[in-house]
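Each of the next two complexes has chain A plus one other chain: chain B in the first, chain C in the second.
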Partner chain A sequence: MATNAFRRLDTGRLSTLAVVGAFALLVAFFALAAPSFLTAGNLYNLLVNNVVLLAVVALGMTLVIASGGIDLSVGVSVDMASMVFIMLLAAGYAAPLAVLAGLGAALLVGSLNAALITRLRISPFLATLGVLFIGQSVQRLSTGGGQPIYLVRAEFAPTFDAIARSSLLGVPTPVIVLVLCLAAVYLVLHRTVFGRQVAAIGAKPGVAWYSGIRVPFQLAKVYVGAAFLCGIAGILLSSTVKSYVPMSGNAFLLDAIGATFIGTTISRERRPGVLGTLLGVALLAVVKNGLLLVGWNFYWQQVGIGVLVFLVLAVSFGLHRRD
Partner chain B sequence: MTAATPVAASSAADPLPETGTGPNRRKALAALAIRLGALLTFAFIMLYFALTARGFLSAYNAFNVVEQSAILGVLAFGTAVVIVGGGAEVQTGGIDLSIAANAGLCAAVFATLSTAGFNPTVVLLATLGTGLAVGALNAFAVVGLGILPLLATLAVMNVAAGLELTLTENTVVSAASPVLAFLQTGRFLGVSTLAWTLILFSALMILVVHHTAVGPRLYAVGGHPEAARAAGLDVGAYVAGTYLFSGFCAAFASVLLVSRLSASTPGTGELLLSVLAAALLGTVFSRRFVPTMGGTLLSTLFIGFLANGFQLLGVSSYWVAGVQGALILLVVAVTSFARPQEH
Partner chain C sequence: MTALAIDMTGISKAFGPVKALEGADLKVAYGTIHGLVGANGAGKSTIIKVLAGILTPDAGTILIDGRRVAKPTPASVEALGVHFIHQERLLVPTATVAEAVFLNHEIRFGPFLDGRAMARRAEALIERYFDLRLPAGTLVRDLTTAQQKIVQITRALARKAGVLVLDEPTAALVRREVDSLFRVLRRLRDDGIAVVFISHYMQEILDLCDEVTVMRNGTDVGRVDPKEAGIDAIVGMMIDSGVGEMYPRRHHAVGAPVLEVQGLTLKGAFCDVSLTVHAGEVVGLTGLLGSGVKELIECLFGLDRADGGSIRIDGVEVRLDAPNRAVGAGVGMVPEDRRAHGVAIGLSVRENASLASLARYSRNGFVARGRENAAVDGLIRDLSIKTPHRDALVRNLSGGNQQKVALAKWLGCQSRVYVLDEPTVAVDVGAKVEIYALLNRLAAEGAAILFLSSDLLELTGFCDRVLVVYRGGLNGAFDAAAVDGDTLLAAASGTRSETRGIPE
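Coming up: the complex of A and B.
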């Protein structure tokens, strides 16, 4: 037993070292290869444009994956929030109402997922796949086939600037939002009974059921919570780009799953966790931003990200298998 | 299309028919009802289109749909085989999310090399090699490294999609080749090559998976790996084989894809959702709700006729994805009630 526990600890440390080492190497490489990488301007851009949005979505994905499921419809939640927010603004409604309605639309997507998974007992993969299809149709139908909506007129600028470009005590608002989301999900997942129950459902759903955990109810909260976080990302996204581009949320899907699983590799229990996910997001964001500065085009970035996620998964599952 | 085909196909796919009494028998009846219900739904929608959409029933239109369904069908067969061999457990079971992106990459290779003036044989071999290489990467990741198929193929999907974009610079690459000419204009007994391709490919798949020893072994590997291993099957080799086969299907479909448009176009990866829908909807036509080749063919045609009927009725194509999604949810919800509850 003792040697077993020792070996597992060793493996956990090894994969943590591998991911942190890879992160440090990448930062060092980009700092040398692209002089502009470590400048304050680029780091600010990296944080606000690459990290915040992905991190908020990935936090939702972390909740879902911790519960043993997967959410393929994160993009739909992001898009629906963004769409309702922008459409209401364009129709002349007050900004706070538009924000609330946008978040409400995301909650609706989450409730649909929750109902399908807990009431109709559809597996999370298929349920969220179905919602992804339906979400695409809804967006195409509402936008005449996928026409973006741009709100570039000056009357909308104050709203967008208040959300995406303002700052409090020198900290940009999106970063404050991210910190709040991080703190909330960290507390919920790692410091409450609910979080431990979610982890139990994720590890052994049968045992969780027989232990008297209200599995469907807790799962419903997980999917609604994840959708809410995606809704926040959607509002931030459309405020940053001052527009709604249909089906743009899907771009987060692979990155959010990748970041969450990079996070699990560095956790000693191989469980999804908030800090691990954050490191995964940082790793992906650094690679994207760095490859751009080094001069790789968008297409090669996609290959690079795919290869990176593949390697991390290979190391993680390879080490796990040796246990 | 009569009800006999899928029932025959699915009973051939179920080597262990349930012959119990009591609850087992009731469950079998419920399953039968669902299977018939799915077929009736299919028939009802067909009937509706036949009555309301002008020209829906014409032979020309039917072959048109079969032609259009060839690409989807080949990819759906590849996906169905992966699901069969990896088990239908949706999170940990077999799935190949990279198949559509792989087809896009193969199409880009085919079009680029054809345009560069290479010998058609070389081009075909390179296309096939590309598809198999991506399949081999998936097989290595899933069998060799033990990565969850869902995650491994998601990462590979990104790599394949990125490589396609670098190759084509996100533009349309038009292609001309004797192979394409044969696929585009060839006819036999008044039926086009593309339609023949789907007919022959389906017949071959049904024959191999449901009428040779390969099929039951594949179902055993997916359904109960430990038992299959104990029975002396090389589980890893079978699972690796399914990913290689799905790579082959991607390459095969890519040639059909290029022939249909005379070019490789960006956005092939978006086929993934329809491919998954076809493979997963097909499970409803089988007794144990596992993918069968007959069921996959039926659901592929169903999706094809659905899109075609909507088009003839003048319904916006924007609805199609949503209706497909709703159908998947409906089918899976109904089948999940027929299954025993698992905790």
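Coming up: the complex of A and C.
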């Protein structure tokens, strides 16, 4: 009986169960091993500091990977938004203007990616790698070799708090921002004609082109959209830490790729998707936070995450091979 | 009495509830060329996969060279001298000819590879069987498709093959190459090798094979001499109950011009081409490799931008400088390379079928799933696409059904002009007849169909008119009913030039 029921589940649902099960096990484990894990304070910290920023960046990465590409320059988009935002605030410009300029800087990075990929036809990997190098140099040149800019004076506190520490009906603003981004990307990727065309481009660009889809135009939108999401993350990041630390955005790159690919395992066709990515982000965030609480060394956390990614992918591959 | 090269008896294989093979026999004698034919899903590829050791049968016995093989594995089958030339070119592109021929069974001198001996032996084998001097140092990626096929066959010969199984070996070859491949296969047969030949081209089966096993619904329904039985009898055995004629007739009248091409020119490909396709008309188009016929139809779908000339659709001049423009103007295309351009096999039937017509099922940019589902279900029914459900991946469909999905994409758009590039290549006979019938229905509804093919029977049997392209220009327009294959071939190769019986 049990094996029959097991067989009747298709592998997509089985993979989903495996990933959700792993997530539940991890939560249970950390709840037992670290009494402070399930406290309200820690969960708030987990959500606002670990989940929101990574999730917003990973949503951008999900769009890009769904289109069959990769964006190695997400960190640059995060950093450029953060840098322009902080520099304009420091120079005395109004906060709304600084936010818009920061988002504009991220859009520029995205447009550069889009131009390299669709006009010069450079592969996404190499194009965004080039932009990563350029972006890092720009940051060093603009900050005297990589000096952080701290805005600790009291006059800036209201701006930062309004973005990072405010709340609406008890929900922290960053969480609201995340929910809005999630809803937007979900609708765009899974419900619109554009999203369907992006999936087709990701599956087989030749078929998309031969079906009358304007492949370069749609790809350009993907890279600009991803950079915009990274820009939002950059503004949130700067407001949380009240500073701009050059090249700090790169910390999101590998986690965002990891989360997106963990997310693909819950789909029957192994496609990137918003819900899967969210689950991947939550998994990574719980492991990081939990290992910290049980007192693991920071460097061992990376090992923990590596093992986690391997396990999820191995289980998923094992399940898919049954077909 | 010598043993049979291959003696498979009562082979059964089920995938879940689907019985792919039910008590099928395949018996091939040494020194014969044995054809294996059947509609898709008849069990041809399953029985070959069982023989190759890729699938384990549920029942039945397999004897190779008279020896019982209890559990065939790819290695054990190859050790018994059975070699497979698969449709895909499974060669390392950066290897040399000698390396490709001797991959995995290199000639050694002590512990070292003996490169010179391998090169000598590879060149000798190729020269002996193919009358071809192919330097053994040439890289595989620099070879033509036909030469790569030669390397694959040589690879089998170098290992003293007793049985050679070729799966659709002529699919990517031009006529001259097919002829020389056939010469080689006959020579191998005369050397006592058993050749199993799988093809959808009945003419090839008739020309080449000494004996044919016909499969239908998972079992063998006949073993005949093709020359005695004839094509019609074999096709009749393949399809369930006499579907009737291979090329169904059209009974509607031809209407007003739909596609009008005037003086179209693409530098380096074709020059000053004018043609007209009327509503309800199927116009065949053919030409040899490099004649410019390929580029011509690519221009008509906006894949290439013409340097001069004009294109009108329903009397309105259109500029087709990108596929999206062509689709917008009412042109649909079924490309030759189905897997690269026709259907995305990793997407579902639904996603493929609605890909070009999403705008019709959407509101404010959002896909209306209800309307999309209804439309796709309609297409699946209309085209009798054999799929478990609309969300099944196209990967899991047979070649013929994949091609129907590639066509379905344009039906949803209600295209006016269909540009078809070899739409029936690697499609089994049953599905072919279905595709012809479907095109007839589209034509009856007033579509204009331009049908590029190199299958002469198809051109003369199915089309209304046939246009032949030679060296970048039209070299003849023929009434399909009044022309034979040889005339078309002569026009395509430039030895004859005329226009006959065409009311323009």
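Note that the second predicted complex is superposed on the first by the 307 of 323 C-alpha atoms of A that agree within 3 Å, B and C clash if a C-alpha of one lies under 4 Å from a C-alpha of the other, contacts with A are read in each partner's own complex, and residues count from 1 in each chain.
Note that a residue touches a chain if its C-beta (ideal position, glycine included) is under 8 Å from a C-beta of that chain, and two chains touch if they have at least 3 such contacts.
What you are looking at is a predicted structure, and each value in this text was computed from that prediction instead of being measured.
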item	value
Partner chain in contact with A:140 - chain B first, chain C second, else both or neither	first
First (chain B), second (chain C), both or neither touched by A:187	second
First (chain B), second (chain C), both or neither touched by A:199	second
Which of chain B and chain C A:310 touches, first, second, both or neither	first
First, second, both or neither for A:210, with chain B first and chain C second	both
Of chain C and chain B, partner touching more chain A residues	B
Where chain A meets both chain C and chain B, residue numbers	206, 209-210
Chain A to chain B touching residues, read off their complex	68-70, 116, 120-127, 129-134, 136-138, 140-141, 145, 205-206, 209-210, 254, 257-258, 261, 297-307, 309-310, 313-314, 317-318, 320-321
Sites on chain C touched by chain A in the complex	301, 303, 322-324, 326-328, 333, 335, 337, 340-348, 351-352, 354-356, 358-359, 362, 365-367, 393, 409
Chain B - residues contacting chain A, complex	90-91, 141, 145-148, 150-152, 154-163, 165-166, 169-170, 273, 276-277, 280, 316, 318-326, 328-329, 332-333, 336-337, 341-343
Chain A - residues contacting chain C, complex	187, 191-194, 196-197, 199-200, 203-204, 206-214, 269
